[in-house]
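Just below is one structure, and these are the notes that go with it.
All chains are identified by letter, namely A, B and C, in their written order; residue positions are counted from 1 within each chain.
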């Protein structure tokens, strides 16, 4: 993470972001009721930068990512919002307007936008070889022959640091270690040179050492080809290391957005503040109680009225917080937060 | 400063309460709750229970003695019970007159509603013992005593070749067909549990041997074997002996599925902490198996049993149908269907196929019930 | 791979051996022995054999030796292709069975093909369009097919064919082909006649396979690798057929191995009801008449063929899913 680089890049590409998500709403219509997994999320990804999306389990981060590519399983459905994608600097297209599973969105999937997932073991088919699956990705988005695609795949496998790539091509997922599987997944995602890589908790299932290696790998690949990364995690430490911009999500909405240093040094939203202060630190006094956020995350079906965080908020204001829902407002030069502390609507 | 609204706290409490209820519910309760959600399985269970009610009350529900044969009343068509005579409420059936056709020499029957045979509930009929102990002669439906004439009859599903009432025979056939199944299932459950438990608990060589046995048994086609063994019964064996022998043979093939399931569960449970804890506290192996591990299988066992029962019923019915199982005068669905062996018979007297209906019904019901139980038996599967 | 296959071959051989023992047991169940039946039959025909002669015959056939010796002699005969003599039909067993065994196997194989062709697509559609009207319809018919015993289904179909179409269902050949040599025409004739028996035999198996395919496919569809494939940009049809279906096929293949014995059993019963020239009807006849050599021979043949079939599908399973051989059961 590099302060100067981030700012220059934001200035250089102008204000048109690579990906702009506005007011995304994805609901799950189950027998027990409607679950509003994502209920109005908005954020931007500038090209060449890394946006980190952070939040507790169940806040809707993964669903948001999947909604961008329209790969939500039923009974989920995207009910509202725009996802404007602008890979070439020309007019942006709203991805959500593309026919579900139609050829338009399918050329974006794996082509301009690639996605990697949390569980590399189960994300590969156990009965097809690696080579088969990577070559398939390549040939879906290019007109390469099998031989050429094969060579390209081997090239990428070595770029991500897998030893003996030629041999690996004819092996199966269960024959790899966890870290190598994740590298293979990255190779498969990047071999089509996407403009945006969505990484859905890719390091959560890995041990700390491997995690560090994967993060380094991602950063160096990003430097090489200038792609953007949307990195989803619940681990604040990872965010600190890899993100340029951070979006904090709570119960399906983005509650704060801003550059990573600003978020960490002066968080504005009470939830962000509480999150940061609950991270154990070496500098705490001995025997001091670990601060935690009071209450528990409500079930998405029992959404509190008004601001979703208000039952647990230490800055709760009774006249408004339980009545109206706050919008994302600018706070400072480059930060946004959705909280009535910073202005009424 | 926490000024949380009151209603928020209350709804949190309700949620906590529900969750706690779930976490302290016993295994059985969880299974029962999940089972209740399967409407189809509930209906199926109701059907199964009513079948077994028939087994108990077969005599009460019959209209005539099932072995009573009237040669000149062979192959008569069914008489439906009518409730009204014009506008008057009167329970009766229409008489059926028969004439031998001069051309085919077959008896042809027609319904003659000018002659009504009155029928009443709780009528007197042949003697029997309710529950095997209480002598009585009351039946649910029967001919009315006051107007009883020797030539009156009531045949709800017609008669068979020898003039016996198909309806009463069907009810009695239910008895045998469903209880053979129970004994067979009981035996195969015992076999399945014992072998499966040993296999799963001890593992290693014993496991290997038993699994090979399972595979060998499963790869041999059963019906030719049943047929072969059944045909070899000496003709002078009593019906009861044949009944039990058939049961034993069928269950020798039916235990494999249950054994596999039990073994699988034992294998996974063996490594669970609570088993290690029991071993460390000094419990004997027998105690561990029976007191600690087995109770979590009850629902699996019931599910497997209700899925094995149709297998038994089909096996017995098929064998008896082919003439190799139970033989007359024993009455089972299979022996009843023996009369319906060729097309000509069926075309002329289709009611002989009616015993097929309860077969299909009970098998469907048992399958649905077993499926529901199997889904509910694994509280952690969804 | 080789180790796994050798193991399965070994167990198959064991199974066949068990089958021979059971067959031999069946042969010897009724009271009396070969010679006494022979003597009795000759007596019916008018010639009387003295007790002494009978005993000589016994010695000749080794019937006075202990059971296991007799068993080996019988096995020896079988391995030489001599299955014994049928008293009921008055000719060697081999002649009685003739091409019936072949026809039984063709019927079973044809049914398996039918089951796969019908059940897999239906299972896939059912899973992909879960809870749709198609799903519920297929599931319902599936259950019915599962519940109705084969012979009942045969009866019912015969009834409807006769009553509605005045069409007599029965036999596997038209009159002109019954004793003809094998030819293309004969094969085609056979195929036509086999349709109804196959449908009858196949209903229970189809129902099971549909349920299994549907259940497994539903499980697989929820798995992460399906999301990955979708995120790569594969079209729905291609990705479903290439990934989850491929994985759901494995339980389907092992299920097929499992139903083979039931198929063979069922074909016996259906053949009896429909009067097909397969092994079934003569098995029944031989059992009723206590013609035990014929019966034992048929049981042996059928059992062995089934075990072989099960072994073949094990081969198929290993080829389809290489993980099977690593199962540390």
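Note that contacts are C-beta pairs under 8 Å (C-beta built on N, C-alpha and C of every residue); 3 or more make two chains touch, one makes a residue touch a chain.
In this text, all values refer to a predicted model and were calculated from it rather than measured experimentally.
Between the chains B-C lie more C-beta contact pairs than between any other two chains.
With chains reduced to the mean position of their C-alpha atoms, the one farthest from subunit B is A.
For this pair, subunit A with subunit C, the centres built from the Cα atoms lie 56 Å apart. Each chain gets one centre point, the mean of its Cα atoms, and the points for subunit B and subunit C are 27 Å apart.
Those residues of subunit B in touch with two or more other chains do not exist in this structure.
Remark: subunit C residues 11-12, 14-15, 18-19, 22-23, 26, 29-31, 143-144, 146-152, 155-156, 158-159, 162-163, 168-169, 258, 260-262, 264-266, 268-269, 272-273, 283-284, 287-288, 290, 292, 295-296, 298-299, 302-303, 306-307, 310, 329 touch subunit B in the complex. In the complex of the two chains, the subunit A residues touching subunit C come out as 66, 69, 71, 73, 101, 103, 106-111, 114-115, 117-119, 122-128, 136-137, 140-141, 172, 174, 185, 188.
By the touch rule above, subunit C contacts subunit A in their complex via residues 222-225, 227-236, 242-243, 246-247, 321-323.
Every residue of subunit B that touches subunit C in the complex is listed here, in rising order: 211-212, 215-216, 218-225, 227-232, 234, 310, 314, 317-318, 321-324, 337, 340-341, 343, 346-347, 350, 353, 356, 359-360, 363-364, 367-368.
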